[in-house]
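To start, the structure itself, in structure tokens.
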Amino acid sequence: MHFASDNSGPAHPKVMRALIDANEGYAMPYGKDPATDAVVARIRDVFEAPEAAVYLVGTGSSCNALALATLCEPWETIFCSDVAHVQEDECGAPEFFTGGAKLTLVDAPDGLMDPESLRARVAATAQGVVHGVQRGPLTLTTVSERGTVYGLDHLRSLTGIAKDAGLPVHLDGARIANALVGLDVSPADLTWRSGIDAVSFGGTKNGLLGVEAAIFFDPKHAWEFELRRKRGGHLFSKHRYLSAQMEAYLRDDLWLEMARSANKSAARLAQGLRENNDARLLHEPQANMVYCEFPRAAHLRARDAGAQFYSMGNLDGPDDAMVPARLVCDWSASDDNTERFLDLIG
Amino acid sequence: MHFASDNSGPAHPKVMRALIDANEGYAMPYGKDPATDAVVARIRDVFEAPEAAVYLVGTGSSCNALALATLCEPWETIFCSDVAHVQEDECGAPEFFTGGAKLTLVDAPDGLMDPESLRARVAATAQGVVHGVQRGPLTLTTVSERGTVYGLDHLRSLTGIAKDAGLPVHLDGARIANALVGLDVSPADLTWRSGIDAVSFGGTKNGLLGVEAAIFFDPKHAWEFELRRKRGGHLFSKHRYLSAQMEAYLRDDLWLEMARSANKSAARLAQGLRENNDARLLHEPQANMVYCEFPRAAHLRARDAGAQFYSMGNLDGPDDAMVPARLVCDWSASDDNTERFLDLIG
Amino acid sequence: MHFASDNSGPAHPKVMRALIDANEGYAMPYGKDPATDAVVARIRDVFEAPEAAVYLVGTGSSCNALALATLCEPWETIFCSDVAHVQEDECGAPEFFTGGAKLTLVDAPDGLMDPESLRARVAATAQGVVHGVQRGPLTLTTVSERGTVYGLDHLRSLTGIAKDAGLPVHLDGARIANALVGLDVSPADLTWRSGIDAVSFGGTKNGLLGVEAAIFFDPKHAWEFELRRKRGGHLFSKHRYLSAQMEAYLRDDLWLEMARSANKSAARLAQGLRENNDARLLHEPQANMVYCEFPRAAHLRARDAGAQFYSMGNLDGPDDAMVPARLVCDWSASDDNTERFLDLIG
Amino acid sequence: MHFASDNSGPAHPKVMRALIDANEGYAMPYGKDPATDAVVARIRDVFEAPEAAVYLVGTGSSCNALALATLCEPWETIFCSDVAHVQEDECGAPEFFTGGAKLTLVDAPDGLMDPESLRARVAATAQGVVHGVQRGPLTLTTVSERGTVYGLDHLRSLTGIAKDAGLPVHLDGARIANALVGLDVSPADLTWRSGIDAVSFGGTKNGLLGVEAAIFFDPKHAWEFELRRKRGGHLFSKHRYLSAQMEAYLRDDLWLEMARSANKSAARLAQGLRENNDARLLHEPQANMVYCEFPRAAHLRARDAGAQFYSMGNLDGPDDAMVPARLVCDWSASDDNTERFLDLIG
């Protein structure tokens, strides 16, 4: 019953197998190995983007920060949601990698950026007046930090505002597989066909040990990104172990299969919570994360039984006090555990 | 016959086994797993440093840059050798992570810093005068970037100069295992008992997939390092895959066994080169790297036979033109390949 | 009828006189002249702070940014009002000088930070958790960016919240003279006796050519500030021309006299606007800035007659459309011009 | 007898007069005043560069650092002489403003960069290889930090090497007036006609209170420079006091007249030293700085008589020990003082 994070589950056995297979003989370091070339080609295929610049790194924060730094001048501001991972959970990595850019927070009910709020924030950011910071990239997250997923129309209304203002758009896709599965659209549709210029294509939260791909649909950013990656200490010498993971991830759509499994578990949790009169969903789950609340006593029961999840409030109140919780399912969550958890809090 | 780099060989099978074993069930992310605690404890034992702050990262450049940034103010200068990896091969990572510190280059015959040159550079760097940058940390590399190893006396004369000036000392130990084996001294002797304050304890070049440990003998630096690591995108969520590697590395002294194997191969190469009248050692190899020169024709013969190594000069000259080469042995280099290579250039 | 900014009026003749007087013979550069020593001593007297570290710079933005950078680590966030000059009008200078700190915006009705909002923002900023930025300094502005002035109780409630959280407090005092005159309190009361640790003591907007003093009540920050000032290109070689201005500013309380004059003009404007049925004050003016609105036709009449001020809205609407305006009085504003302006918009 | 620095002499009376004249009524701030427009036009005339982007700042270090940051990416290295002001005397300002670029030191006998050494340093800096920093701008200083001046041929050989490598060239012209007078060439000849792309056009050391102009011959750099200047806290609000100084400086060639006077004094000093059997010139003075050595006893005699200059060595030795000295003449140095100084050390 582990619903604490999709960062804490195991890697998929096929990924481990690929690592072992990759561990044969010598391979050129720093991404000069054939496996990396193959992975780049495969990602271009997946995204229907034959020109894209594609690079592997080891963490989601570095992928976001390096991509944003490549798109953003130090004197610009990045438009992000007020619950964005880049704002809340990266200890200022975007500010560090950009050389001191600002982050402008946009309202995001249910974790999804409000177009009117974005439009207002962009308009309020002077352009061409030297006193204030200048408009920089828009960054969006899907699956959002509240477990919701942008519909294509919603997404395009946001990227449209950015495009009208001449701003590049980055997508934090730490859970992009879960979003794709939730929406049932293609990677190209969710990204460049919807106005996205760069993607942090996550793998770590979906069954890898630790690999993300930075994708720029316009390859003009390639060399700058390479320099920033190296200078940031994010160019891995034994690069084959990154490419091997990513190759296994994409082979036979393992990534989508894992995401489907995670989403299914979350949907079952959500369904059970809806049927539970004492519980309430805080946001409508659309992928593999469930934000909800249920009584303190149920939190304790579940915890006592060994369930791991994130209680987002005070557990010292009365038994019937509603306490919010975050439940995250990874690819390996079993139906049994899901049912058992629902029973415990039921 | 792969002598291009110790970055390009395979990981040790025991390390792969440990990865597989670590891939069971759930584990708390971001280094909150028991395996990380165990690794920290083990490294403290190895270094006889029960108070040391120990952190894992994925690359050598990040380990160096984060450690130096923790020891160095932005307005200071780092004293390093003129062939140091931090100067030559990290694309300005120290400058980036420190917020713009300077690097002051010190003469380093055979890759080893000259004490008189260090003393002069420190003296020439004004302290307490606002116009110039201030004195910052000393960083040393052993095994050096020329394949040589500091003797303890040499090392202590350098750290003594730093200590007299009140400066902290960092050791780039990307190949520290090879240095320890070469010197036959203890980790404590080579580090804190010799005046070293922080170590980049390398594993990647010696049989791991990609893990290094930053060690601070004074734990006062712990929290700042943690923040810098996170902010730099170098805190791995699925941290168990780093700790598992490092645990296997240290278990039963596998790390020293691998280093011994690498050094032995290099020693055999060096011996063969000494016996070859047409070849010459450029620096006396003391670990697992051999800098040498031999005729252009021998370069071509070896290459044609499939040997991989770094020819550091023009291969378009006459057959008997001496061309420098760098030969690096990793743990997996076989005696057969070594002999075959020597035959080829003989 | 110049109410555009207190940046655009002339310097006081006594200040010009002091400049001429300072232009005799040779003087040691970089602040090593006796006049700088005298100014430092005088500022310590004025603030009843005999230990304070005091430094002169040429612009308000540099004073703020250098002071904040001295108080703030790169991985921290600065708490400021959502209309703060450091947020709105310095093109990211605080982010640049701190090495990428964040700014957390606090609600500020009428330009004055709301204690509950500050308390909530501080509480929402995790401390000791590595994922988010850490709590950093609080910065307050008085006279605020809306022409209002913190009462001592209000100010102390804010600094108290910071102190309870262990955070240093900076005061952007670009118009501190106007605030002091408005409140009729002493510099010490408004600053260190109210929990302020560092002050940007402005002179430029109040009759100088361009000098501000950074004051740290705890001198431990002295050397770091000196290095940051030099490294930021803000250490003036011919420093005597800065100290001469500041000396004249403080001599015989010229600074307070000028502030009184400016405040008086603003009070007259405010009174006239209150008596004008077609006009409305947007914030209650408490120093030398008046935020108000009056009909578009009156804007045009005043402008046609040569009045200069900042119309903060659309001047293309109907004649009776209310349009906001910012009116700023400097020391040199004449009663005649004030009356004439009121007549024009009456 | 003040030969300590051209930073410590008075401003020219005509400059003070211009300041007083500028102090009439109101003027738009931040360089939007007509006087700034006039100064920009005048500088374009002086440099025969009608398209140049021209900006005023208050210090030489900020002018250099902002100009270099505009020309240099964070992952590049700046080629400068090993005695350059940017390397020795700006406390890391270039590193700070560029976001952590490196400085690569080039040999500079007599303060003038050696073309062969530059060529070798450029060649040794890999381009297009991600591991090392990339080639960035060349910066030269004339008058050099040893009192020498580049002849046009020498200058062009250096800029030619940069051009061949596609690198921009910056000129630190803190004493450019003295160089122009020494060479008797036009500003255009010394700069863009000799391959210079950007100039720090100094005024502070030659009779101003504190103004330098950054000049970019290609105006594409204009907006970035403006943002960097603002963000660096170097955009002066009461900008008219900067433009007034610069206007007076250029009117009727006052700047050249002052430089001529300073150079003449230095030439007289040099002549006297040549005729003094006990003294020796260390570099052949070509402008307003004299590097020389004379006996310790003469140092003491001069100091006792009130002379101010920089003794660059130990004054505790025997009377006849040669001790180096730096003597700098500003525009106001009198013939009497020069003769008196020569007598004292004679």
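In this document, chain identifiers A, B, C and D correspond to the written order of the chains, with residue numbering beginning at 1 in each.
The criterion applied here is as follows: a residue touches a chain if its C-beta (ideal position, glycine included) is under 8 Å from a C-beta of that chain, and two chains touch if they have at least 3 such contacts.
As the structure is a prediction and not an experimental result, all values here were calculated from the model.
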Furthest chain, CA centroid comparison against subunit C: B
Whole-Å gap separating subunit A and subunit B, where each centre is the average of the chain's CA atoms: 34
Where subunit A and subunit D are represented by their mean Cα positions, the distance between them in whole Å: 51
Rounded Å distance between subunit B and subunit D, as computed from the means of their C-alpha atoms: 42
Residues within subunit A bordering two or more other chains: 30, 74-75, 90-92, 96, 99, 130-131, 227, 230-231, 235
Touch-based graph of the chains, sorted into line, ring, star, complete or other: complete
In the complex, subunit A residues that touch subunit D: 30, 73-75, 99, 130-131, 134, 226-228, 230-231, 235
Of subunit C, residues touching subunit D in the complex: 2, 4-5, 7-11, 13, 16, 19-20, 23-30, 57-66, 90-93, 96-97, 204-205, 209-210, 227, 230-238, 241, 308
Subunit A residues within the subunit C interface of the complex: 74-75, 77, 88-92, 95-96, 98-103, 105, 130-133
